[in-house]
Structures are given as C-alpha cells and as structure tokens.
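The structure that follows is given in the form of structure tokens.
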Amino acid sequence: MNMSAVFLGLALLLLVTMAAGLLRIIIGPSPADRMMAAQLLGTSGIGVLVLLSSALDMPALIDVGLIFALLAAVSVTAFTRRRIDQDPS
Amino acid sequence: MTAAFLYGAAGLLLFALGLWSLLVHEPLLRKLIAFNIMGSGVFHLFIAVAHRSDGSSPDPVPHALVLTGIVVAVSATALALALNSRLEEADAKASSSKTTPSGAPEPNTTARTGLPKPSSNGANRLRWPSR
Amino acid sequence: MNRDLSLLIGILVSLLALLLIWIFYTTLAADPGPRLAPLALEQLPNSGVSHPVTAVLLNYRAYDTLLELAVLLAAILGIWSLGPAPSGFQPAGPALTVLANWIVPLAIITGGYLLWVGGHAPGGAFQAGALLGSAGVILRLAGHERAGLPNEAAQRWLVVAGVGLFLLVGLLLAVFGAGFLTYPKASAKWLILLIETAATIAIGSTLAAAYVGGRPPLAQSTSAASKDLGA
Amino acid sequence: MSLLLFVFDSILLLTLLGLATAAVLSPEPRNAVMLFIAFGLWLSLVWARLGAPDVALAEAAIGAGIGGALMLAAARRSARRDNRRDNRRDNRRDNRRDVSCQDAQ
C-alpha cells in the first residue's frame, strides 16, 4: 500500500466530516451558527488541500491552503462589522 | 475519461441550476448568486475538459481562460451590487417620502400621486420577498 | 412568479441540461481532435516563463489579458460613476486592529510571493491581485475608509496602471520590435514580470476600490471644505 | 487508488450540487450568501482535485476574500431593509385595523 493512497483515504475521511458539517450550514437555525460552520469547513478544507497535495503530487496546493488560512478571517469579520451610520443590532 | 465526464456533467447540472434560479427568482441578490453558480458550471466544464486522467499535465489554455473569467465575474458582481445599492437608496428615498406619518388612515392614496411612477415600479421588482 | 410557471421553466431547463450532457458525452467519446496543449508546451522555452498557464496568459494570449484588465477598468469606472461611496465601518476594537496589523502585511508578502512564483509555478498576477484586494477589504472592515488606498487622483493612476503599461509595452514592441506584444526572446522574462507587477497593482487596487463601492471618500479634513464648496 | 478517487469524486460532486441547490433555494439573503461562500470553498477543492492549482488559488483568494465580503454586505443591507419594511407594514396594518374598529363602532 503506497503513501499517496493513504493520503487520499485520509482526505476522503476529512471530506466526509466536512459533508457532515455542511448540514449545520444548511439547517443551522441562526446566521451565526452558519458562519461558524463555514469557518470550521474552511479549516478542514485546508487539511484536505494539504493531503491532496501529497496524494496528487501537486506542491502548489499547499499555497492554496495558505491563502485559505490567511483569508479565513475576512468573511467572519465582514459578517460581524457594522457601518458608522448603523445602530448595532 | 470518467473523471472528466463526471465533473463536466456536474458543471452542466450547475449551469442548468443557475439558469433556472436566474429565470425564476426575482430578487437581484438571488439572481446574482444564480448567475455566479451558472458561471461556475461553465468553469467546471472547461477545467474538466482540460483534465487528463492518464496523469499527464493538463491543458493550460482552458486554465488561463477560466482564470480571467473568475476575475471578470467578480468585477461584474461588484458592479451589479453597486447598481443595486443605488436603486435601493432611490427606493428608500421614494418610500420615505411616500409613507405618511403613522396614524394617517390611508397612506396609499394620499401621497402616491406626486411620485414618478417608473422609478417606484422598477424598484419594487428588486425587493427581497419578506417571507 | 407563480408555481406552475417556475415548474415549467424547471422542466425545460432540465431537458436542456440532459441534452447538453448527452452532447458532452458523445464529444468525449469521440476521437479527440488536435489540441492546443502540445503546441503550448512545445513553445514554452521561447515564452520567457516556465509555467504554461502564465505563458498562455501573458505571452500567447496576451490580448485576452489586456482586454480583461480593460473590463476591470470599465467595471470600476461604472462603480465610481454611480456616486460617492457609502459610509465606512465603525472604528475597530483592539482584537480586530491587531488582526489587521498582522494579516495585511502577510497578505502583501504572500501576494509578492505569488507574483514572483508565477514565472515557474502556479501563481501570478491574478492571484496576487485578488490577495491584495482582500487585504484592502480587511483594512476597510477595520475602519479605514478608503480600504488602504491613496487619494482619488492617485487611485485613478493605480487603476489604469495595468492597461496603461501593457499597452505601452505592446506599442513600443510594435514600433521597435517584432510586432504588437511579440516579446523578443532575451527580454521576455523581464517584460512579462514588469507587466505582471503593474497588473497585480491594478487588479488589487481595482478590487479594493470595488469593495468600497463608490467614488473614493475624500480625506476627513478636506471633506467638509469640499461640501461647502459644492453647496 | 482509482476506486478511492472515484468515491472521493462522487462525494465531492454530490455535496457540491447539494450546496448549490441549497444556496439557490434559500429565501433568506444572508443564508444564501453563506451557502454561496461555502460553495466557493468546495469549488476550490474541485479545482485542486482536477489539477488546476492556478484556478484554485484564484478561487480561494476571491471566494474567501473579496467576493464573500461583497455579497455579505449586500445581504445585510437587504435583510435590514426587509425588517424596516415589515415593521412599516405592521404599523400600517395596525392603523388600518384601528380604523376598521372605529368604523365598526
């Protein structure tokens, strides 16, 4: 059994857990639940990317994971910020 | 062959889903999401056609086309959202001058006459249904 | 929209999807015709870069990229012509300030890395520009009204930098070289890097300005004065 | 290996299509936008799987960064306006009810 198959199997496992987390985005009662679920999926997505980069032998996929890690905060910040003329609600 | 067909067929399904939503749903934001999903379907097809299952390096030409396509799609989305926010502003201005202070019995017939009709008509169609 | 009509449209669209999938299947099953890929890979040593996608974007199909930058310029001009930008965000609290202080320089460094690496590995002007644009988004969310961009006059220069430099190089090559955007082999690498740098700056500032969503707000001190002048 | 890849492909594509359907069918603007952001994440996994790291990089930078932020801003605006309009309509309905009550009396 070679290493890339092991990595691919692990990526598959992570993908299944991501699919389970997806349910929280679809049914999650409040918008905050959905946002948190999206953040969680982003983190597991980085894991899948790193595993795929070993399994498919594409080192550039690590850069994709790097960008995800760097920009993970953007959407959650955009979700919480209020404008100047807007009452906090 | 199999992977290319699977991903290409999924891209075509995404395209059809986006097209359906674009035609059926009225609010502009939903139309924009549908439009972006439609575009993703097309990108899917391109990348699937470029993919080689025998492990050789994929065709770079569709990749470059999709790369430009993604940036153009996001700039078009930004322009559409800016247009939408102007329309909403105009709509809010119109409706704030339309609504009489609370307590007036018939807000509909008293103040509507002074308003330019087309703008209020056009703005109504962009609203999100409140359901 | 009533229910029957949307159902009808749904049926029609799914028929269209089935037709398209059938066409796609038969096309894939048929014998593949000649592709552009072998030609692109074969000419790679002459293109000045060793990554095929960058070679396609900036050498073989440089017209596409030039016109794509023109589309971005048209979009930002459209956004600016709609009027002044909406109000900015409330000033950031301590956590967000620290976050922005860390992420923005990191995003700029990563953008520079992607730009440089684009010559021989995946990366390039678009990815770097998108990353710079996202850094602008973070700055605006943290309370910076112009998303980290300079004043309006300088922003106009930044936004046209990509198309301007691209056209300038193309025209110079047309006059003194082999033809419009036909790079001489010796200097191709540096010309491509120059154009890509300008394109990165243009794409980044265009996307950040598009997020601001209107004509750039004036600096705080002058805005009151200009309002007086306008009135 | 190829069977593993096939299972990976089918799970990826099924969840992708499910996400797109949910995003398209969701009537609430903010939910639709968040589903769309997750859709962008899934899409960049697809590009990674198909051997297009350039496209995956661009999709990651745009989908997670500027695209999501743009759409979230628009969605919040429309959600707020809907609230306002609902309040206004409720007020109007109350007024009308008051009037009809007076008429009945």
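A, B, C and D label the chains in the order they appear, each numbered from 1.
The definition used in the following text is that a residue touches a chain if its C-beta (ideal position, glycine included) is under 8 Å from a C-beta of that chain, and two chains touch if they have at least 3 such contacts.
Only a predicted model underlies this, so the values are computations on that prediction, with no experimental measurement involved.
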item	value
Which of B-D and A-C has more C-beta pairs touching across its chains	B-D
Distance from the mean Cα position of subunit D to that of subunit B, given in whole angstrom	11
Intercentroid distance (Cα basis), subunit D paired with subunit C, Å	24
Numbers and ranges of subunit D residues touching at least 2 other chains	5, 51, 53-54, 57-58, 61-62, 64-66, 69-70, 73
For subunit A, residues that touch 2 or more chains besides their own	60, 63, 67, 71, 74, 78
Subunit B: positions in contact with at least two other chains	13, 20, 25, 50, 57-58, 63-64, 67, 70-71, 74, 78, 81, 85
Chains grouped in pairs wherever the two touch, ordered by label	A-C, A-D, B-C, B-D, C-D
Footprint of subunit D on subunit A - complex, ascending	2, 4-5, 8-9, 11-12, 15-16, 18-19, 22, 25-26, 31, 34-35, 38, 41-42, 45, 48-49, 52-53, 56, 58, 60-61, 63-64, 67-68, 71-72, 74-75, 78-79, 86
Interfacial residue positions of subunit D with respect to subunit B in the complex	5-6, 9-10, 13, 16-17, 20-21, 23-25, 27, 29, 32-33, 36, 39, 43, 46-47, 50-52, 54-55, 58-59, 62, 66-67, 70-71, 73-75, 77-79, 81-82, 85-86, 88-89, 91-92, 95-96, 99
Footprint of subunit C on subunit D - complex, ascending	53-54, 57-58, 61-62, 64-66, 69-70, 73
Subunit A-touching residues of subunit D, taken from the complex the two chains share	1, 4-5, 7-8, 11-12, 15, 18-19, 22, 30-31, 34-35, 37-38, 41, 44-45, 48-49, 51, 53-54, 56-57, 60-61, 64-66, 68-69, 72-73, 80
Of subunit C, residues touching subunit B in the complex	1, 6, 9-10, 13-14, 16-17, 20-21, 24-25, 28, 35-37, 40-41, 52-53, 55-57, 61, 64-65, 68, 71-72, 75-76, 78-79, 82-83, 86, 124, 126, 129-130, 203, 206-207, 210-211, 213-214
